[in-house]
Each structure stands twice: as structure tokens, then as C-alpha cells.
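Listed after this line are the structures, all set down as C-alpha cells.
Both complexes shown next keep subunit A, but they swap its partner, so subunit B is in the first and subunit C is in the second.
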Partner chain A sequence: MSTSEIHDNPARLSPRGIVRMRRRAALHKFTRSFRHSPSGMVGLCLLGVFVVVAVAAPLVFPRSALDVTQAIANPFQPPSWDYPLGTDDSGRSVLALVVWGARISLLVGLAATVLSMVIGTTVGISSGHFRGWTGGALDRVTDWFLVIPYLPLAIVLATVLGRSMLNIIIVIGVTSWPGTARLIRAQTLSVEGRPYLERAKALGAGHYHQMTRHVLPNVTPLVLANTTLAVSISILSETTLSFLGLGDPDNVSWGSILEQGFQAGAISQGAWWYLGAPGVCVVLVVLAFNLIGRAVEGILDPRAAGR
Partner chain B sequence: MSSLSVRTRLLAGCSVAALILGAGLAGAGLSGTASAADDPGASSTRSVFTVGMTQDIDSANPFTGIVAVAYEMFQMEYPTLTEYSASDFSIVPGLAESWSEAADKKSWTYKIRAGLTWSDGQPLTAADAAYSFNRVINGQYERTNYGSYVGNITKAVATDATTLVLSVEKPSPIMEKLLVYIIPEHIWKSIDEKAIKSYKNEGTLASPTVGAGPYVMIERRVGQFIRMQANPNFWRGKPAVDEIVFKIYKNQDALGQALKKGEIDFADSLESNVFKSLQNIPGITTVSSTYSGFNELSFNTGAALDDGTPIGDGNPLLKDKALRQALGWAIDRDALVAKVLGGSGSPASTIVPTMYAALHLDPANPVTYDPTKAKSLLDAAGYAVGSDGIRADAKGNRLSFRLLARSDSSGGASTKAAAFIKGYFAAVGVEVTTKVISSDALTEIIGQGNFDIFEWGWVVEPDPNYQLSTFTCANRSYVDGGSTYANLSDSFYCNPAYDALFEQQGVETDVAKRTAMIKQMQQMLYDDAPYILTYYYDNPEAYRSDRFTGFVPQPAPKGSLLFQYGTWSYENLKPVSEVTATPESPGSTNTASAAPDPGTQPESTPSSSWGLIAGIVILALVIIVVVVVLAQRRNRDLDVDDDRE
Partner chain C sequence: MPSVGTPPAHRGSRSTVRSHPTATYVVRRVIAAISTLIFVVLFNFFLFRVMPGDPIALYTKGRNVDADQIRLLRAALDKPLGEQLLQYLTNPFSAGVDSVKYNAPVWEVIGPHVWPTLLLVGTATLIATTIGVWLGIRSGWNRGGHFDKISTNVTLVLYSMPEFWFGMIILIVFAVGMGPVPGLFPTGGLTTPGVDTSTPAGWLDVAWHLALPVTTLAVIYLAEYSLIMRASIIEEAGQDYLQTARAKGLMDAMVRRRHAVPNALLPTMTLVFLNLGFVVGGAITIEYVFSISGLGSLTVDALSGPDVPLLQALFLLFSAAVIVANLVADLLYGYFDPRVRT
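Take a look at the complex of A and B:
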């Protein structure tokens, strides 16, 4: 069934079909608006470059480029044609490290954000929907997480769980959700006050139906905009934790490159390329996600766009 | 003039510490200043020598601490009967001015110096020495660190105030070099065997630790600093420097910068790149001193208690000697020295370092870097390469091991070495997953036997008895009161033939015969490979030669300046008198912390590239912060309508 047919035979459509059609149109409108946002497109291109680099890393540099035992160059060699970003303290190409590091940094950043969003949205909607005792309890838990200083909690968790990539994802995920939960709860409260939900209740809709069919679709745009912005925070968190020596020792991420350089005396050696390259990458990726996030936010919430 | 400068530096130290530590320490800092002023004779000449290091002590209790820097504190506080000379490790009198073996070879008599006092003024007699020895002989916990000295001693008796008699079962070659610290009985008798396990032994300014060495501890802040104060009752005379501060730095760059800026006077265990950056700076002298330390890969050769009960979750494949031997051929020790140590060291073979030339064994069958040979040895031992490239034994157990490295090693050397090991082992089809943990946690894990391989090292004493004892069956972990405690053995090597030799060398008084046995034991360990030694490392040190002089290297001429066997440098250290023709603002305590820098530091100008990098880093940080703040403001703006946070 093509789009034109839908338009031709509106009467024959199922309710589900109408919803689908409406969503498709909204998506269309969204893409069109996004394309007209210059900063959003810059961010998207920037991010695209990093994603391509991360995905294509094994094609550009073999995994052996990360193996210290196979590095042949001199340590702390400044940038040259052979080593565009110089070499590290073991003689590995910093470019290879940064390219491979992009994989872990992006992967951890995205996975942790997804985890944090799932937790945050679930808790947010539930606490907004169930007003009484349950909602109150969930709200207190959120408050509790919100007031715990984030970094010490993350460090303690990472230390207890041990240093691995999965653990870093979990640590960032379970420490960064409360902000999202508060946001979603607020939105849920406002949606719940609308008359159609009252109607749904009168028609006998259960909690699950109300939450998934009526509340969730209405908070989704907010969740999406928040996600894009949260990714940058997650990437920064990953970099921070790795820099503090809590990352996965078997995988290279931008944070772990910074840690290594710092430990190996890159500052005393004046090896600016060693610390500069991963640092600039972090800044650019975070910038890209923020540009996209702000553009998305502007489209979904026009009131915010003017600010 | 010099007096002014050192005093200002103390005040500077106090105010900096106060800034860092907040109000709590500010009080201590002030009282420190006050006492300096009260002390007659030192009112304006209180000199402070500050040592920077990257490792904290694990404990100030001489029965608990095992890291090398902790022993530095112990030997500054507590005397030993005899000492190792600075020049060549020969035995010289310590607390005992003379000693002799009884004609029947059943006892040794030590003449303790007369008229000595502890730092608190109580008399120091042979009774204290007897108490210290008996405490180790009769204690289980106390034996952990000093048991290897007293294994042969049945009892210690003070026959009068200056005579100590140690009864021995058998003749022993180590009776002249018993590094058992003599502790004051009047303090330690109130700390029983249970309490001693958690006893901190950290002094305070009001009640310093009681010792008889050149210095006593007056303050310790975990992870920050340790302050030692000169002991006026030290029998060789009160040292010239009034206070020695050991400051702990989190990383090597900070350590190097601290020395350049003059925050510290001595930097120990420098990372090779930082060490190189300190060369050719006026006022700083760098020394890559020979050292008695080695690093190794230790295998869990079958963790068990001292009675043979298996413990832990080590991979049983590592019990196979052939496997461990083969892995020895997979490691390029020269590359490790070049890349991990930056050349400050040499490839290692046996557990007695080359520095002790008379006792070191150069194996006749050296294991070198030959991955092809490693592969063929593994093939021959029955470990065929599987479809995933990882070898496995006939039953399909893969050669996949956990490698533990230390997060607090100097300059990240341990994690770096682990990355190399991972690469070398992967090249011969052995998989390694690295886990990085703190030294404290590692000690705990080793004691429980919950490891496969770890990377660590030892600092070897001039007499190898202690080092050799770490491979005996009796020194495996033990159970006391239901919990398992680590003993000295960290590979759980247990070989009756080795134990027999250990017993024999322990009673052999003929130097040549004993040397032959020690070499045979080294060969045994080399062939059985509970350890694969990686390198012997130098100790790259640097100090402010414009401020302090009088260091005594051990051994002469190129040995360590600090962290020796003995306290020779601390006792002979003197402030350089004309150091400071530097203009300093007298009087103001508040500006004191900043005052020494501009004057004493014309050499900071060459490091303009450092400034550039710092600038870039700061700029990057500012950008990150701005971006984050913007992002968070966005978030807040979004939900401000419905919900106020």
C-alpha cells in the first residue's frame, strides 16, 4: 500500500493505519525542518565523519597497530608524514589510537545513554502516572540519586564492579538517569492532566495502556531531544572515568589515551599531540551531539528555539 | 640568610598544606610552626628536607607494611643490631657495638651500646632488643615480615643492660645481618597480637612515635604526606636536617614539576621521560642510580595453605612447568627495558640482581626472546592452536589467563608492561585479559590465591635469605582465626628439594659453600619458572643540589642516594649554606608560599613549550566545560515549565 493509496481511500483505513500515516507525516516535517537548521546539519556531518571513522577503523589501521609489542617507531615522535599525529610513549601511532578509540568512546557513550534513557523514562512515566504511594517512592528514589555526587558514586561503582567496558556502560547508565526521570515525570504530569486521558480512563483503559499508548508517545519527542544531549554527557563521563584509570585496560578509548599520556610524562616531554589529539576529538564529538540536540529541541519545542 | 630561607619554606609548606587540607590541618600547621619557634637553638634554623614520591606507604606499622617506601620509615625510626655500610654493603656495628658466636655454636652474644635512650627519654637496653626478637619469634603475625631472620633462633635473652644473647638451633650465616627492628618494649608491650594487626603506629606532633633511629614520625596523612622529625637522642648524633617530609604525588609530571619549582628537594623513582626532562637544569642533579630491584611475572603455580590445602581460583594449567618455561621465551626483555623503563635498567634473569655481583647467578642456559622457540615448546607440551588462534590442552582447556597489573605503579609502568606481555603472549597463541588494581588489593588477592598471573617486583636485600624464603612451602598463606592471611610466597612455589637447600644455606657459615647453594637455588627457580623475571630497574633520582648536599650513595659510587639499607644519607645531609641569595619577602606568612618560586627558579623559562601545552589543555577544558554548561542549561530550560529542580 503506497502513500497515495492511503490518501485516496481514507475511509478504509484502520485506526492503526491513521496513526502510522500521521507519524510518517510528522517525521517528514521533522526531517525537512532539521535540514533547514544549519547548526544541526553541521553537527550531523561532524558526527557522520566520526561514525564513519569508527566503523571503518579496522580497514584503515589493523588491530595490530594497537599492539605495543609491534610498534617500531621511536617514542614521542612529533607529527610527520608517516605518523600524522605523532607517536605515543611506546612508539604507536597516535592517529591509530584515536581512530580505534573513537569506537569505544562512541559505543560506550551511546550504550550508556540508551541505558540511562530507558531507566529514566520508565521511572519518570511511572512516578508521574502512579500518584499515590508508588509514585512518591519512585520520586524519592530519583531525588536520592539526584543528590548523590555523581563522580564519587561512579568511581565507587566502577571500582567495585571492576574495570571492563560493560561495567563502564552500566556505571554511567545507572548514575545519569535521575535528571531524565525528573524531566519525563514533569511532562507526564502535564500529559496526564489532559482530557483525553480522562476519557481513556472512563473507557476502561488500564495503567499499561494509558502509559504506553497515551503518555509515552507524548513524551517521546522530549526523550529524543534529551537523549542527543545526554550522549555528550555520557561520552564526557566515559572519558573522565577512563582518565581516572577506571576504564577497560584492554580497549583503547580517548579517555584511556589521555590517561596513558598523562602517566607516561607526555607533559614533561612536551608531547602536545599525544594529549591534544584525543582531547580535540572529545570536544568535537560532544559539540556535534550538542548541535544536533539543540536543533532537534528547537524543532520539537519551538518555544525554546528563540532562546 | 639561609636560616631565613628554610624557615620560610616550612611556613610555605604549612600554608600550602592548609590550603589543600582545609581547616583541620591548618591547626596542625600552626602548631608545627609554634613548636619550631619554641625549640631553643633551632628557633630560626629549622631545616626541612622534602622528598617527593609517587607511592604511599601501605602502613606505618613495621609488622604490617611491606612496600619498599614503608621500610624507609621503619629504618629511620628503629635501629637494628648491625647495619650495612654505605660503600659496599659490608657489615658495620649498629645498636650492637660488637658481637661474637659462642664456642659451642649454640648462641650469639651482642654487646649493646651503653647509655642509650629512646626518643622519649626512656632508657634503651638489651631488654628492648630481647623483647623485639621474642615478639617476632613467638608471634605469628609478627613473623610475616621478619620470620626469615628468626627461623633459627629459639630465644632471645638480655643477661644484663648491655648484653643480648640469641640462642640458635644450628649455626647460621645470617646472625650478623638480622634486619629485625628493635622496638621500645614500654610502648609495644601494651599492643597484643590481636591489636597489632590493626595498629597504625602513626605519630602525631604531640606524641611522636618512639624510636631510636635518626628520625621519628610526627604526622601521617594517608595519600598525602609523612613528616619525620629528627631524634635528638640518636646515638650517632642528631641529624643536621630537623625535619624530613615525604610528599606523595599522584603522577610523575607533578613530581617533576614540583622539583623544578622547588616544592620538593628530592624526587624518587622518576619515570624515564620525566627524568630526562630534568636533566641539564641548573640547581638540579640527576642520578640514574643502580638499584637492587627486579620486576617479574608471577604465576599461580597452585595456590595452597602452608599445610598444602588448596585455595583460590587460579587456572590449573599454570601448574605445568613446561607451559611457564615456554612463556619465558615469548617475552622480549630488551624491549621492555627500552620502552617501559626508557633504558634505565637491564634485562633480568634470576632473583638475585646483578648489583650483588658475588651472589648473582648468570644462568648457563639463558632464556631469551625467541617466539618461534616458545611456539615449538608449547606445541611439544601438548598445547595445540585452536580454531580461534588460542592454544588449548588435549581436553580443550584454553590458554586464557587473567593478568593483574598495579594501578599505582610509578609512571604507569605496571599497566604498560602488562600491555607488552599481552602482546607477546598473544603472538604465541596465549590469551590474556588484563585487570588493573591497587597494590593493596593485589596483596589481598594474592594471599587468597585468586589470580593466574600478576606483574610486580621485589627489592632484594644484600643477603638473599629473605628473598629465597619467599619460595618456600612454609611461607605460603596461612589460616588464623578462620581467615586466610597472605604470607611471603606469592607464586605458591613448593619444592622439597628447594626447601632442603634453603635449610642448608641457612646454617652454612662457609661463604663459598653458601654462595654455591644460593646459586643452585637461583638455577632451580630459573628452570622451574614460578616467576619470569622481566627486568632489573635503576632508580632514576633527581635532587636540588643548590639546596642540599652530603648525600651518601649506597653502594659507592653510583648507588641509591635515598631508600638504601640504612639511613646514611639522612644522617649526613646538610643544607647548602649560601643557597639562597634569593630575594625573599621576609615576614609575611601569606605570601611565603609564593615567594620562593620567582627567586629560586630562573630555570622555569626554558620550559615555554610546557606553558603552551598547559594553555592548550586549559583551553580544551574550558571548551568542554562551556559545552557541558550549555547542554545542562538547555536541559533545565526544557523542564522549567513543569518542574523546578
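Take a look at the complex of A and C:
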């Protein structure tokens, strides 16, 4: 529909308006295909539930529900009407912990992904755009970080930086970008070979203009598909690092609940609700991002559909 | 690889190199691996020295260290950076400082922890690749079928699980017991104290202890391998040579076994090696949960403190292992698939 509008009154639209219109049409097409992907929609609904829970946490449970000194229930109490997910080792409601934990787990997961995407895309585009020495060096660095085992590197970094929410975001962001960089580099190389870039160069476009105006818009869909998949990895990483005691000590996340439960002997107590609840949440949210990511990938790259 | 033995690069003449694509490939892979190793060593060295604040405080955080030890540390760290680096390079594993927690050279602390990790990770990887590859072939070959749908969904869920959480749940159900189910397996460790591991009964005891952690790791890894193998077989399924094989009148099973699978296995095998970093991560948390005294438990142990020299050495060891495994994978890939040796 918008394509015909463009052709009907070309005089009324500025070049920028045309671009905007074209993008809107592409977005419309994309949402329509996404709605036809059942697994993608399941993922989106799952994610929606968790986002609502995370945002509404203070309305459901007051922050004092997390305070150990104000807990009145018995420790390690199995699920009951009063405590639908039982209680932890100090008598707090596990449901309240899990609801509040959703905030930090989602926030850290998203923030770390954004950081990792920014680094990965910058390095990827630059190493694909600048041939010769600069590109080669960036490519080498990507290779290095790709090979170094992820968890030991994250552990060493987290130890040096210390425990805080910002630091755990930095650690995950800094360790998880190389996969993205590799992907974006390949895409950049294929975009760079196209005639319109040659035209831009002939018209005197500088490196910055070429990269931001021509390469970036073309790799953006790929970045977005990759982002959804990367969020799931970031959330898993946050859970693992928190479980190892490297998370933010002042806030509750799903990983830190698991850490506390493990340290407090929830396993030998057989307190399946204590360890089960946060873990199921992690699995569901990670699964949601994976489903959405695969659906997006399938739409943007039909050859990959169903893989 | 017959011509691997003597890399001709040092002869200097370009044309010689060009006439041996295999040798060029090998040399290039080896140089890449060495450069990564050098990067890791330098990174490891500088990370703990360029950070703001007192390195001594970082080295001794949370522990009572007597003044003598601190003086020794300060003397070691006050030397010129170049001299420190030289000392570090001659023996990266000692880092010039002993493990703070165990009061012994880092290498001696690490030594006895290597075998449990190799045993755990090796067994789990073997089981996971076998089952994962089989699952991937079956679901990829009949893509969209009944088996594929179930298998893909299950593997996606497994893939979304933190491995240590799965381990804890397994522990509660099978080792502690839930409701009427009694605990059947030990809750941790690698042996029952007092059992001699050199006798067949001792091996059985180790196997009994390893059953749960190996199952946990294998289930998580096989999800990854099956997804990779499935994608790989789908990639091959569209190729022309399969059409030719079918046109020759070969049975479907024959086309799969003799033509599609060997080609699809190649990228899967490299990815298995590339995933070793991920495997190492799984081993760290699983050993911690099942209290197996391997390198992973040692890492977690070194974290509380933190025992920085030990942590540095472990990081170096893990990285070196993964780098070498990647190099082996690259070389094997080059051997099996001549197309990459260009």
C-alpha cells in the first residue's frame, strides 16, 4: 500500500519521507509474517508475561518481602496457600523472591546484550570495512576472544572488577561480543561489494558516512535477529555468574536465589520448590528469547527457516 | 597428512610455500594458535596489574597474611614491569607467587585435579556426541516429521537450561529422594571414602558416583550437538549429489548413510571442538554442584578469597587446553576436507 502512495505523489515526499515510508512497509510485512509463526508468538507471549511480572513486582510484593529480618514464616516450608512456592531458608516467600528476581535477571540480560551488540557491531563493521592493517588486527582480536573459554574469562574479569550490577553487565558484554562481530563482518563484506557503495564512494562519501548510512542499515536486521538469541545467552550467563557468587550482592536475581539455596543446603533438605522455581523461570525466559530469535531469523533468512 | 612434518615457510621462497597448500594451511593455523596463546598470557599478566588500586590488596583480599609474606609480595610486584613479565613468561604457572590458599606452588595444587575433570568431561562428551549426532541425523533427515518436532522442541528446552540447575534438580530427585522415591545415587564426590580405586569394585564405585554428573552434562551437551547436526544435515539434504544418488536408485537409508551423513559430520565435528569452551564452563559448575574435586571445583574454591595466583593459572590452563583442541580440530578439518586448505 505504501509503495503505491510513494508512486502516486512523489512530489510531496522528501527523500527522508520515502525512506521512512519504505521502512514502515517493511516493518508491517515483518510483523505480519511473525504473527504467522506459532512458536515465535508463544515466545512473545511468554516473554510478555515475565515483563509484566517484572514491572509490576513492587505492586504485588512490597520490597520488605525480601528482608530476612522481617520474614515470619518457617524456613523450608513446602508450597501452601499462603506461600504458593514455599519458603526459603530464612522463611521468606520464594514467590516474592522469584518475582523480584525477574527484574534484575531481565535488566542485566538486556543491558549486557546491548553492550555486547554495540561492541560486536562496531568491531564487525570496522573490520569488514577497513581492509588491510586495521581490519586484520580487529579480526585477530575477534579470533582471540572467540577461542578463549567464556566462563573462565568471565570469572577472572569479574574477580578483578568486583561484585556489582554494573560490573556483571560489563563482564557479560565484554565476553560475549565476538560471535556477533564475526557474523556482522561477513555481512559487511558482502554489502561492501555491492554497486551502491561504489557509487557512494565515487560521490566522495567518507568512511563514517559509508559505514553508518550504507552498511549499518543493511546489517541491522541481522543484528536484531542475533540480539534476541544473544539475550538468552546473557541471561544464562548472569545466572551462572551469580550462582558462582560473582553477582550483585545487594539485589536478588534468579541466579542469586539459586546460589543462596545451594549454600543453605536446599538439596539435602529436598526443597525442590526453592531451587525449582527460579530455575524454571530462567528456562522459560531463555526459551522465549530462543523461540523469538529463531522465528525472526526464519523470516529474515528464509533459507534458515526450520533449522 | 604426509607433508606436514617440515613446514617449508622458513625456506623463505614464496613459490615453495604456494606449491604446498597443505603446509601453508598448517603453518597458518599453528601461528594463529600461538598468537592466541601469547595474547592469553599477556592478558593474564596485565589484567591483574593494570587494574586501579593496590594489587597486594587484591592478592590477599579476605585473608590474614603475615607481614613477611606481604613484604615478599611487594618486592615481587615492585620490580620493573619488564622484569616481572620476563619472570612470568619463563614460568607462567608459578606467576612468581604461590597459591595463597594452599601455600604451595600453583602447579602442584592443580596437578591432582586434572584427572577427575578429564574423566567427567570426556565421558560426557563421548555420550553426548554419539546420542546428539544420532538425534540430529534422525530429525534432520525427516525434517518437519513427528520425530523431528518432538526432538527439536525437547532439545530447545534442554538448550535453554542452566546446566548446574538441571544438576541440582537431578540431585534432589535421584540422590536425596523425593516423596516415595528413595535416593539411589551418592550426593557428591568421586569415590566412597576407603574404597580402593585400583580394583574393579573401585571402578564400579567411581562409575556409580559419576552416573548423575555425567548424565547431567551429557543431556545438556547433546542438545547443542543435536541442533548443530540437524542444521548440518538439512544443509546437505538440498545438495545436488544426493539427487544423483537417488536417481541411481539407491535406497533412502543408503543415501543418508553413505552420502549425506559423512559430509554433514564434518562441520559438526569442528563445532564440537569449537564448543569446548562451553564444555569447560559446564564442567566448572557441575563439579561444584556434585562436589567432584576437579579443576572446576578448584576454580570455584579459588574464587572465594580470591586466590588470584591459582585463578590466573587455571584460566591459563583452560585457555591453553581449548586453544590446542581448536588447533587439532582445524588440522583435522583440513585433512578431511581439502577445500579449506587454500
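Just so it is clear, the second predicted complex is superposed on the first by the 297 of 307 C-alpha atoms of A that agree within 3 Å, B and C clash if a C-alpha of one lies under 4 Å from a C-alpha of the other, contacts with A are read in each partner's own complex, and residues count from 1 in each chain.
Going forward, a contact is a pair of C-beta atoms (placed from the backbone, for glycine too) under 8 Å apart; a residue touches a chain by one contact, two chains touch by 3 or more.
The shown structure was predicted, so the numbers you read here are calculated from the model rather than taken from an experiment.
*Asks:* Based on the superposed arrangement around subunit A, label subunit B with subunit C as either clash or fit.
*Replies:* When both complexes are placed onto subunit A, subunit B and subunit C end up clashing with one another.
*Asks:* Check the contacts made with subunit A and report whether subunit B or subunit C touches more of its residues.
*Replies:* B
*Asks:* Going by the contact rule set out at the top, does A:W144 touch subunit B (first), subunit C (second), both, or neither?
*Replies:* A:W144 sits against subunit C, while subunit B stays out of touch.
*Asks:* What is the contact status of A:G245 with respect to subunit B (first) and subunit C (second): first, second, both, or neither?
*Replies:* A:G245 contacts both subunit B and subunit C.
*Asks:* Is A:L95 in contact with subunit B, with subunit C, with both, or with neither (first, second, both, neither)?
*Replies:* Neither partner.
*Asks:* Please indicate which partner A:F76 is in contact with in the superposed arrangement: first for subunit B, second for subunit C, both, or neither.
*Replies:* It touches subunit B, and subunit C stays clear.
*Asks:* Could you tell me if A:I119 is touching subunit B, subunit C, both of them or neither one (first, second, both, neither)?
*Replies:* In the superposition, A:I119 touches no partner, neither subunit B nor subunit C.
*Asks:* Can A:L229 be said to touch subunit B (first), subunit C (second), both, or neither?
*Replies:* first
*Asks:* With the two complexes superposed on chain A, say which partner A:I155 touches: subunit B (first), subunit C (second), both, or neither.
*Replies:* A:I155: touches subunit C, not subunit B.
*Asks:* Among 188-196, 260-268, 278-286 or 314-322, indicate the stretch of subunit C whose C-alpha atoms run into subunit B.
*Replies:* Residues of subunit C that run into subunit B: 188-196.
*Asks:* Check subunit A for residues that touch subunit B in one structure and subunit C in the other, and list them.
*Replies:* In the superposed arrangement, which is not itself an observed complex, subunit A uses residues 232, 236, 245, 262, 267-268, 270, 272, 275-276, 279, 282-283, 286-287, 290, 307 for both subunit B and subunit C.
*Asks:* For the complex, give me every residue of subunit C touching subunit A.
*Replies:* Contacts found on subunit C: 32, 35-36, 39-40, 44, 47-48, 51, 58, 143-144, 156-157, 159-162, 164-166, 168-169, 171-173, 175-178, 187, 230-231, 234, 276-278, 280-281, 284-285, 288-289, 299-300, 303-304, 306, 308, 311-312, 314-315, 318-319, 322-323, 326.
*Asks:* Going by the contact rule at the top, pick out the subunit A residues touching subunit B in the complex.
*Replies:* 67-70, 75-76, 89-91, 146, 162-163, 179, 182-183, 185-187, 189-190, 222, 225-226, 229, 232-233, 236, 245, 249-250, 259-260, 262-270, 272, 275-276, 279-280, 282-283, 286-287, 290, 293-294, 297, 301, 304, 307
*Asks:* Give every residue of subunit B touching subunit A within the complex, in rising order.
*Replies:* Where subunit B meets subunit A, its residues are 251-253, 256-257, 271-274, 276-277, 332, 335, 339, 342, 405, 407, 411-412, 415-416, 418-420, 422-424, 426-427, 433-436, 609-610, 612-614, 616-617, 620, 623-624, 627-628, 630-631, 634-635, 637-639, 641-643, 645.
*Asks:* Over in the complex, which subunit A residues touch subunit C? Could you list them?
*Replies:* Touching subunit C from subunit A are residues 140, 143-144, 147-153, 155-157, 159-161, 232, 236, 239-240, 243-246, 255, 258, 262, 267-268, 270-272, 275-276, 279, 282-283, 286-287, 290-291, 306-307.
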